[in-house]
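Structure first, then comments.
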Amino acid sequence: MKLEEIAGLLNGKIEGDSSLEITGVGKIETAKKNEITFISNPQYQKFYNTTNAGALIISNDFVIKKKRDDITLLRVDDPYLSFLKLLETFEENNDEALIGISEYCFVGAGTKFGENIFIANFVNIGKNCTVGNNVKIYSGCKVDNEVIIGDNCTMYPNVSVYKGCRISNNVIIHSGAVIGADGFGFVKSDDGTFKKIPQTGIVRIEDDAEIGANCCIDRATIGETVIGKGVKLDNQIMVAHNVEIGENTVIAAQVGIAGSTKIGKRCMIGGQSGIVGHLTICDDVIIGAAVGVSKSIDQPGIYTGYRARPHREDMKVEVGIRNLAK
Amino acid sequence: MKLEEIAGLLNGKIEGDSSLEITGVGKIETAKKNEITFISNPQYQKFYNTTNAGALIISNDFVIKKKRDDITLLRVDDPYLSFLKLLETFEENNDEALIGISEYCFVGAGTKFGENIFIANFVNIGKNCTVGNNVKIYSGCKVDNEVIIGDNCTMYPNVSVYKGCRISNNVIIHSGAVIGADGFGFVKSDDGTFKKIPQTGIVRIEDDAEIGANCCIDRATIGETVIGKGVKLDNQIMVAHNVEIGENTVIAAQVGIAGSTKIGKRCMIGGQSGIVGHLTICDDVIIGAAVGVSKSIDQPGIYTGYRARPHREDMKVEVGIRNLAK
Amino acid sequence: MKLEEIAGLLNGKIEGDSSLEITGVGKIETAKKNEITFISNPQYQKFYNTTNAGALIISNDFVIKKKRDDITLLRVDDPYLSFLKLLETFEENNDEALIGISEYCFVGAGTKFGENIFIANFVNIGKNCTVGNNVKIYSGCKVDNEVIIGDNCTMYPNVSVYKGCRISNNVIIHSGAVIGADGFGFVKSDDGTFKKIPQTGIVRIEDDAEIGANCCIDRATIGETVIGKGVKLDNQIMVAHNVEIGENTVIAAQVGIAGSTKIGKRCMIGGQSGIVGHLTICDDVIIGAAVGVSKSIDQPGIYTGYRARPHREDMKVEVGIRNLAK
């Protein structure tokens, strides 16, 4: 791709060789002659002198002290967003078109597909499922009976979806995720043994959600476990039965959410945090990393600590603890 | 299913339309006209006025203030247990009979099957295994050589069982669980590299255990890692080599138990807790969520905190910490 | 295997029946007549009187108080290391030679194999991959396009490797591990939704690394996520995009390392610890279990606590906290 094409795409101004052939994007520290990179953060300005990139995206007001002849500049309004756009462009160019239903997959009776479908080898889809348009299901996935999958979904290798779950449009599920395994519910008998409570509900994942690798989202005992619209889950997250997660909430890796807890919209939860069952977390709550939440939260704000507190209070606790050491 | 049939099943008394056709069970908030639900907890009594369920299970002494004509009551001794029984009944009706060994699975030489077996497509079973009666193994499972599986076991999709492991009767293993991977054992060499210690033992899972999705239970270095009779493991739990877990112990999601630790009978361990290696936890211990256990426990009771303490003592610590913030 | 052969192998001296036939190794508590075991730790000397093993490896200076006739001794310099050597010997004898490419796997165009390869049924390898000599890939693994795998690697069942990742020599990857899933990167839009940042980098795993079951190692946004030479990862570890882990670092189960953090050489990290993103941990750092690291560490040493501190300081904090309870 010629640099002038890229300039057109990003609505930028070239200073240097507009015919430069760019084959990919790189980090400023490691980009090569035929790659383009960017500087956005002022802390990275020093790399202007050392980068080996052939082209560099900078902002319109970026000041060059000592000009280099071996680097072509592309000035734009927002170098970071421009760079992200380029990342997408190059990725699309690289992605091969995956279309077709393998002869070495299985599809149960009554299952219907939309158009432009890719079903890989060794995929096993049950009966009476509905799969929308532009869906990609990679090798080793198992989709059980009566599952509904919307348009534009991608399921990476070795995902398991238990029966009856509903996945809406534009959902990405990464490898090894398990959607709809039984919730953890037992009744204690008089002899001390535990009897399984049948888990007859489902998991519903709404539009635009992304589910990380090896996540587990359990089916509801009755009703639905719900992953809301636009929710982003990092890897190895555990979402227990009957949990509901509100729109555009983002959760980092290894978080665990116990049964029946409801989490609001636009929350952000740091890695390894845990939330006990039957709580309600309101909208716009930020929970730090490795935080233990054992009470409902009804005020937006930042919460941190081994036992979750408003962050300000937790910082006072931390100062107190630090003083203990003296 | 007619309501009078359900009443017979639950030994209940109908107040209303005994010929009502019930097609499923629901939660009191969301149940529909053709579904049955229940009220057990007094906090839910208010839903009597608002539920859309066609039938409602209540206790014999439940007092109705303002009778509704559009809802048929079914009075029983224990509404919750009656409801669980119904859940099972409807689930059994829904489950299709899965029987037969797929033509698209592989079974090694010397492997023997009991009766009434279901082996899905893309299952790969090694040599010299023994599989009991009424066993279901779903798509994508790999069972390596010389594994023994008892009667009535279910293995959901994409489970991996390494060679020689032994799984007893009535065991359920959910998707993505890994049974018998190598324990984490190395010897440090003089040059700072680590040399692998061969892990030659197995995992033994006893009767009635349930293993959650994406759990990992490592094989013993020598001997056995043991999951006792009736043990219930939630999802994403890590059980290291040579651990032994006693009968009817229940462990919530994301717990980690380090090597050679022995856990007693009837213990309950909360989510995300960690137990270091080579400890002994006696019978009837309750460990909270996100608790760190670094010493053996020889007294039954409740233990909580970042560094496990008897719960009462931990609560005093918590009060002290709260005061630090002032 | 005759005991005299074992003595030759270990350069040991037999006291007893050198023609004894040994069929396996066992733990001192459970070894049987035809098995060999060892005593290294003085605390285990008492088991000399009770073990049922037929043969026992002890050190040259081990003193027997009351000699048993039913047990043959094998004296060596270091009983533990000798025993490990035996473990390997017996394991090699047990392992069947797995060679050949199954007719029931798929291999994309342009993919090249070395010699002495084992590719199991239901393995799916993409286009333009390179697979070295003596590689074993078990059932259900998916290796996407353009992946490079060196010599002597083993991939246990149901591993997923996303496109373009590079795995060097002598690498072991356990079941359910996911190598190269998308890093967790999004840009917040003005309407509160999150837009995915394309993750175009790869994962590089260097020589002699071992990756535990159900681990997740995310691909870099740009560039590489790096698992260094000789690194050992236990199960269920999360390594985020652009993380780099230095040579011979060892990490216990359920640890999470957030994006772009760099960890030095020869570090040891305890189970369930978490390290936030964009930090640098220097060489030779020891981090305890369940430790939260939120600042870079530039001094070797031991760090512990909910908020990581030098261990000595943390112990003072712990004493202070204990006093709070009084």
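Each chain gets a letter, A, B and C, in the order it is written, and its residues are counted from 1.
Please note the rule applied: a contact is a pair of C-beta atoms (placed from the backbone, for glycine too) under 8 Å apart; a residue touches a chain by one contact, two chains touch by 3 or more.
Please read all numbers here as calculations on a predicted model, not as lab measurements.
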Check: To lay chain B over its twin chain C by CA atoms, how big a turn is needed, in degrees to the nearest 5?
Finding: 120
Check: Same or different: do the copies chain A and chain C touch each other through matching residue numbers, with over half of them shared?
Finding: different
Margin query: On a C-alpha centroid basis, what's the spacing between chain A and chain C, in Å?
Written below: 27
Check: Considering chain B alone, which of its residues make contact with at least two other chains?
Finding: 122, 140, 158, 176, 214, 236, 254, 272, 306, 321, 324
Checklist line | For the chain B and chain C complex, residues of the former touching the latter | finding: 106, 122, 124, 140, 142, 144-145, 158, 160, 162, 176, 178, 181-182, 184, 186-187, 192-194, 196-198, 200, 214, 216, 218, 221-223, 236, 238, 240, 254, 256, 258, 272, 274, 276, 292, 294, 306-307, 309, 313-314, 316-317, 319-321, 324
Check: Which residues of chain B touch chain A in the complex?
Finding: 25-27, 30, 81, 84, 87-88, 90-91, 94, 96, 104, 120-122, 138-140, 156-158, 172, 174-176, 208, 210, 212-214, 230, 232, 234-236, 248, 250, 252-254, 266, 271-272, 289-290, 306, 318, 321-322, 324-326
